[in-house]
Structures are given as C-alpha cells and as structure tokens.
Amino acid sequence: MSGDIRVGVLGSAGKVGQAIVAAVEADDDLTYSVGVDKGDPLESFTDSETTVVVDFTHPSVVMDNLRFLIHNGIHAVVGTTGFTDERLDTVRGWLAENPGVGVLIAPNFAIGAVLSMRFAAQAARFYDSVEVIELHHPHKADAPSGTAYRTAAMIARARAEAGVGPSPDATTEELDGARGAVVDGVHVHSVRLAGLVAHQEVLLGTEGETLTIRHDSLDRTSFAPGVLLGVREIGDRPGLTVGLDELMDL
Amino acid sequence: MSGDIRVGVLGSAGKVGQAIVAAVEADDDLTYSVGVDKGDPLESFTDSETTVVVDFTHPSVVMDNLRFLIHNGIHAVVGTTGFTDERLDTVRGWLAENPGVGVLIAPNFAIGAVLSMRFAAQAARFYDSVEVIELHHPHKADAPSGTAYRTAAMIARARAEAGVGPSPDATTEELDGARGAVVDGVHVHSVRLAGLVAHQEVLLGTEGETLTIRHDSLDRTSFAPGVLLGVREIGDRPGLTVGLDELMDL
Amino acid sequence: MSGDIRVGVLGSAGKVGQAIVAAVEADDDLTYSVGVDKGDPLESFTDSETTVVVDFTHPSVVMDNLRFLIHNGIHAVVGTTGFTDERLDTVRGWLAENPGVGVLIAPNFAIGAVLSMRFAAQAARFYDSVEVIELHHPHKADAPSGTAYRTAAMIARARAEAGVGPSPDATTEELDGARGAVVDGVHVHSVRLAGLVAHQEVLLGTEGETLTIRHDSLDRTSFAPGVLLGVREIGDRPGLTVGLDELMDL
Amino acid sequence: MSGDIRVGVLGSAGKVGQAIVAAVEADDDLTYSVGVDKGDPLESFTDSETTVVVDFTHPSVVMDNLRFLIHNGIHAVVGTTGFTDERLDTVRGWLAENPGVGVLIAPNFAIGAVLSMRFAAQAARFYDSVEVIELHHPHKADAPSGTAYRTAAMIARARAEAGVGPSPDATTEELDGARGAVVDGVHVHSVRLAGLVAHQEVLLGTEGETLTIRHDSLDRTSFAPGVLLGVREIGDRPGLTVGLDELMDL
C-alpha cells in the first residue's frame, strides 16, 4: 500500500517521536501528515487524512489514543509499553467492531533484536547448551536487560516444547556470580562497559560446533527501520498483531 | 519412529564412516546394524533388516546404492556429492514407484552451518548491507569455501526476491583484492590462519544496527548430529528431501 | 604537570576542534585558554599564557604554527597530517634551539587503535599466521583503511626482524579477491557495512590457538582521550615525539 | 643456542609429557634425549648429556627434580604447579650456587594466554571500564578459570598503580549473578558451553571506543609452542625466571 501512506506521529516532540518523524520524512514511499503532542486534539489525524499513526507515548494515554484511531479507521503502530492481557483483549474488541483496521503492538522495534530472538529460539532445540551475554553502557540500571529476559524465556520455551534437557554444567566450585544469572533455566551474563551502547550475543553449542547470534545496536535510532516496516505492512493486516516478527514473514 | 531404527552405514571403514558408526552406537535410540564397504554385497542391508542407510561414498557408486535401497524399502540419508538435477529426477522416479521410502540428500550436515545459512537468507532482505567472512585452516586449497558460495547464493536470491538492491559501497580507491571476492553480488572474504578449523560469519547491517551470525566448527565430527537428525526423521518423510533444513521444522 | 596546564586549540571552530575544546573543558585538570581559527593571530596563545596547543589543522599551515609555538616556548600536540621526514627534521631543528619545548606528532590519537597496532606487532613473531580485517561504514572511499596499512606494515617489520617467514597458505584455487589485499606480505580484508563506524581485527594463529585483537571506534570523538593524554604528558617530554604510543610507557 | 639443545622430559609417559616429546621431535633445532617417569633414575639425564629438562610432574616431586637438575648443570622449564614464595626462594638458593644454570617456572605456557594477560594489563589503565569473559567446555569444575583469576589480578594491579578508579556501573536492580563474579574489583563472567574448549575475552572500554583481546585455545597442545620457546631461551638466562612473558622480550 506504499505511495498513499500518510503517517501521523503521537508524541512527535519527544526524542523518540522526533526520530520517527525524521525517518518518515526521509522515506520516499511515506508522507508525514501531522504530529500530535500533549494537549493537541486527536482530530488532527482525521483532519489530515492520516492513514497510519505511530504511538510511542505512555501507558496512561495509549488506550484513549487507540480507541480514537480504531474508531476512525486509522491503523496504528504502537511501541508504548504496559499492555496486559486485559488491555490486549479490549483492543481486540474495538478491532472486531472495525474490521478493516490493523494495529501492531510490539515490545521491540529493533529488527536485529527481533530477528536474533527468533533465530535463537529456533536454533535452541538443536544444541546441548545455550547461554546469553548482553552488553550495555554503564549507565544502565537493570541487569539483565529486558531483551535478555525475553530472549531467555523464548529459548526456554522452545527447548521445553522440544523436550530438550538443561544445558550441561559440571561446575562444583563457583565464585559467587561467576556463572551469571539464571532466567528460566538459561544462564545470562550482563557486561557493563564504557564505550558500548546495546549488544547481545546468544551462544549455542553442541559437540564440535557452536553457533553465535549477535546483535549490535549502535545508536538510539535503531528502532526506526522496524517502525517503518510496521507502518508499511499494518494496513494489509487487519486485526491485532503482537510482535514485529509476526509481520516479517519469517 | 525411534526405538526400531536399525542403521546401516555405507563406507563404514572410511574416516567419515567410522565417525558415523561411533555416533550411531553412542545413541540410545538407534541400533547399528551393519557396515558395507567396497566389495561387500548390498544385500547385507536386507539380511540385517536395516531400516535406514547412511551413504557418504562417491558419486560413481551412489546411484547404484540408492536404486538398491529404494527398491528394497530402505530409507537413505546421503552426504555424497555430485547430485545434478538429472540425478535428482532419477531418484524421484524410483521413489514414485516405492512410495513409502524417504531419501534425504544434503550438501551439508553441520546443523550450525545449515541454520546459519537459513538465518542469513531470512535476515538478508531487512538489511541494507550484507557481507560474508569465512575463516579456515591454512591447508585449504579453495577460496571461498563451498559453504560460503552457497551462503552468498542464498542471500542473493532472498534479496532479489524481496527487491532489495545491492549493498552500498563508496569505495573508489581499492588495493587489489581488499574488498574480497564477489559471489552473486555479495562480497566474500576468505581468511586462512593456523589454529583455525572451519568458521563463517555473516554480517548484516543497516543504519544504527548490525546482526552477526557466526558458525564455528571445531572438529571434523560436527556433521554427526545432523546425520543422526536425518536418520531419525527420514522414515516419516516419504519421497525426496533436499537439504537438512527441510527436516528441521524451522 | 596537571593543574597548571592551559590548553589552546588551533582550528577550534571546526568539527574536530570543537570536540577537543569540549573534552578539555570537561577535564578537571586542564584549563581551556583560547581558540585560534583562520585569520586569528597566533599571539592569542602568548597573550593567554597558553602552555600546550593542540593543532588539528592543515598541512599548508601547520609548519608556520609549529615555528611560532616552539619559538614561544609552547608545547604542541599535533594531529595534522603530511609530515615528511624533511618536515620532521625541520621541527627537530627548531626544538634543538628551544630545548625545553615538547612536540608530539601522531597519525592516530585513538588509544585503542594505537594499542592494538602495538600489541599486534609485539605478538606477530610468536604466530605462524597473521591477517587483518578492517570494517567500516559504506561511505568510506579507500580500502584498506590507513590504519590497516600501518598495522600491516608494523606486523611485517616485526616478523622480518624476528626472522619469521610468511603465513602458510595452501590456496591454489581462488575466486579473484577472496584472499584479500596483500600489504607488505600481510593479507588485509576490508568490509563495508551500513551500521558500522570504524573497527579493526588482527587475527594471529598457530597450531591449536589463536589470538584476536579487536578495536571498535563507535563515534568520532574517540581521538579525544588520546589528545588529552598527549596534552598532559608532552610538557614532560622535551624534543620531538612521533606516535602516541611513545608517551604511553608500554 | 639452537642445534645443540638436547631435551629431556620428566613425566614423558603422561598425556602432557607425550605431547611435549612429540613437539620436541618435530622441531628441527631440538633433539629429544630421554624421558624419565616414576621409578626411573634421574641420572638418565646426565647419562644422556641432556641440556634442558621439561618438568610437568607433581608438586610432591618437583623440588627433588629441580635440586638434581640444578646441581648437575641442567637447565629446566617447569609447568608443575604449587610454587609458593618459600619454594621459589629455595630454588633461587640452589641457583646461586650454580650460577650458569637457568630455570623457568611458569603457570601458563599457552603463548596466547600469556600475551593476552600482558596486553590486558598494559591497556587497563587507559580505559574507564574493563571486564573479563572466560568461556570453557561444560566439564570444567571451577568458575572462574585460573587464567581469569590471574588476568583480573594483573588488571587490578595495573589500574591501582596508575591510580585508576573502579569501572563505572550504575546497576541498581540486579538479578542475582547477572553482573558476574568480582575478582579484585574486576567483573568476571564464566560461560560453560558444549563445543567450546578454552577461550577468554578481555573487554576494555572508554567513551566512544572499545578494545577486545581474545584468546582461543582450540586443543590441548596449545602449551607446546610456549614450552619450546622456554627450552630455546632458558639456556641464555641464568638464574630463576618466573612467567613465560619474561622470556618474550615484550
């Protein structure tokens, strides 16, 4: 549906919003229609004939935004957090009443992060061992990262479904913390280093061979290509889509 | 179909054959039935009630082997090279007459190599740039490696199908060879280094992020887990299967 | 000599100059005295009691700058290019007449690049094989990079001095360019990939083990810590110093 | 002193001893004289005019071995563990009485491990942050590895001597173990993965750049080149030398 996609941005004055506006404007197939910030009327989107809205706002306002958009036939690409199962069901209800509308809600728009999680989960059942190393700048407050938690959970589920047992580990003498944290049975190591941005490595191994899937995010605009991918595809996917990978035909 | 799988090995006295025999014997679910080498009668397989035969032999004998196996209702897992389209068609013809039999023919049984090629091809259309670095011991005669050729071809096909253009490259001043070889439009670099075995890295990049898929093969038995996977699955897949990944439910 | 270092910057309005001014101002031990740009009088440095001047300007003006600074007893840290042996001799002559003054001229101020070149050269004679992979953004015009040329030259010299022969290589069948460019007998591979900035990996290998020295430069300010190191040390090193590593007590 | 070096091996029937005998025999400059195992007389070394003996035995016998060797004018290269300061002083005493004899005692003969520890220590004071990741096969009982402990200790000492503070770390919310073990103030992460052998990565970072020093030991003979280096050099270094790096002219 390229060519006629008119893209509006919620929170267009914020840091993330500005980056999305810039990415839309730099794209030949998309047209930036209007930005809406705190205090601006949502009607700007209907007035400007916007076809897709990107929402990176706040859990306290995102449901009101989505109700307006869906009821006005506007597709949405949402990076705002805080979607419980209950909230997702509410969105599904609105979409059932407006069957032509598509909404994408995703916790992560970095294509490389999405791909590496999926590949890790797919590969996990073919290997005896799997561990995760995530590496970030030293200003990060939490360890492991949210992406590492999700990656470990996806790996654990894939291994459980395939009936694969735990990774072998003969450690009997461990200095406290050496073997990392354990998330759903998967060892996760968190490195904090000046000069780094956001990186993750999944290591898989079996006798005689290893497979490493590494994702490096070198600046904070790495979500932009994923958002544009969502904007281009969501018009052709009516209903609710959760997770960018569902749009990627993998 | 685990439990009753009786595995025969063609070329059981060779280096690869010995490794496969050892792997079968070490596996709780499989039973080693018999080995057949140059001069031995293929009837040993029927006499020993073998259900699956592994063939890592030679292009000059593999077709005779397959005709015998298929006509006697024995499944086959084949790592022998030299399968032209014509040969594949011949095998399909034999299988059409023996509809319960399954044959797997694969150029590569290293699970990590198979996975990394597939992941590279899946990811290739989401990135502006992709290059391949393969690294091997210094006794290797050919550069790039066969796996690197196949990887580049799969990447190129995936990008062509998605309508992705060539990787950007502003090089105007190049010392001969610096930018590597070009296989189907993909730059491939071959490192030869004492201490290495067989390794490959696919690098994919777009503004602000990169994805790296690396496979390390640390000894020569890394084909064994893939062969066993084929042995376990081929009985449930009648007809011809080309490529280990087709059996992997990816 | 920390505490009393008053730092002036030549070319302070340019991109590099601005980054240096910012780095000096952010440093507790240094005081920014004055910036001098095209058209401004060099006397600003003497008027402001500047003790060290940083010069990232142009080959056409750097010699005039240095003559003024040396004759006025001001130390200099120089990243400007174009220093021939003849120019270095001229600078040495001026310094001989002004024995208290120190001048540092260096082709590279990224500490990691300097360290990795030196470590590569130190390690090179203990390994059978060595190759260099440099990886940059796709807007770079030349391949290999200047740093890769210097690294290969340093490795080659170290191996020659130790009487180490060429890296083993059994390649007989090569697709044009696969084995990279050859700089002083060392194979160098140049990767160009969107999402990268400036990276280099030196791989050394001998039977059973490899050593990898990798440098990642993630933004363009990575020269700043090296410049500040030079500024702090040069006052205690009268005469001409060529190369940042000479100041690093390695 | 190549050409006339006659090398004896203590513990020549053991796994390590056999590898050393094989390496000596494969070297053009060295001659294998005799092997001595449990129960064999040490006089075999004097009878065979051995000039250098390699000792990879046991703490319970190594002191008797060294006394014999030193008093008979035979140089020694020792990989046996358990050398306390007291034992080292005893050896120094014997050497003082036999001034022409050289003894090398080293905890690690893998040249890459020795180089990477040294480079890490040299680089450590130029970076804000440093962490260590060591990766081994899953049969290893202790975590971190002995090499990682020594590496962290060397890094910590270098940083203390240079007055560098601790690596920055804003972690306030940590899942137990995520940030690894802490050895002398340095975070160390231990990965255990099927398919790996023995690997270590030191990551150093400062604003905008990182340096990574990685050592991969791919088989168990990686100590051999270091032992041969010791054998060749120790005859020219009378007295006690502790650590292979002292012989490497770094």
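Order of writing sets the labels: A, B, C and D. Residues in every chain begin at 1.
Throughout what follows, contacts are C-beta pairs under 8 Å (C-beta built on N, C-alpha and C of every residue); 3 or more make two chains touch, one makes a residue touch a chain.
The shown structure was predicted, so the numbers you read here are calculated from the model rather than taken from an experiment.
Chemist: Which chain's centre, taken as the mean of its Cα atoms, is farthest from the centre of chain B?
Modeler: The most remote chain is C.
Chemist: With over half of the numbers shared counting as same, classify the chain A/chain B interface as same or different.
Modeler: same
Chemist: How many angstrom lie between the CA centroids of chain B and chain D, rounded to a whole number?
Modeler: Chain B and chain D have C-alpha centres separated by 40 Å.
Chemist: Could you state the distance in Å from the CA-based centre of chain A to that of chain B?
Modeler: The answer is 33 Å.
Chemist: From the C-alpha centre of chain B to that of chain C, how far is it in Å?
Modeler: 46
Chemist: Multi-chain contacts only, two chains or more: what residues does chain C have there?
Modeler: 127, 195-196, 204, 206-210, 216, 218
Chemist: Chain contact graph: line, ring, star, complete or other?
Modeler: Its topology is that of a complete graph.
Chemist: Please name which positions on chain D make contact with chain B in the complex.
Modeler: The contact residues of chain D facing chain B are 195-197, 216, 218.
Chemist: Sort out for me which residues of chain C touch chain D in the complex.
Modeler: By the definition above, chain C touches chain D via 110-112, 115-116, 119, 122-123, 126-127, 204, 206-222, 224-225, 229, 248, 250.
Chemist: What residues on chain B touch chain C, complex-wise?
Modeler: So the residues of chain B in touch with chain C come to 127-131, 133, 135, 138-144, 167-183, 187-196, 203-210.
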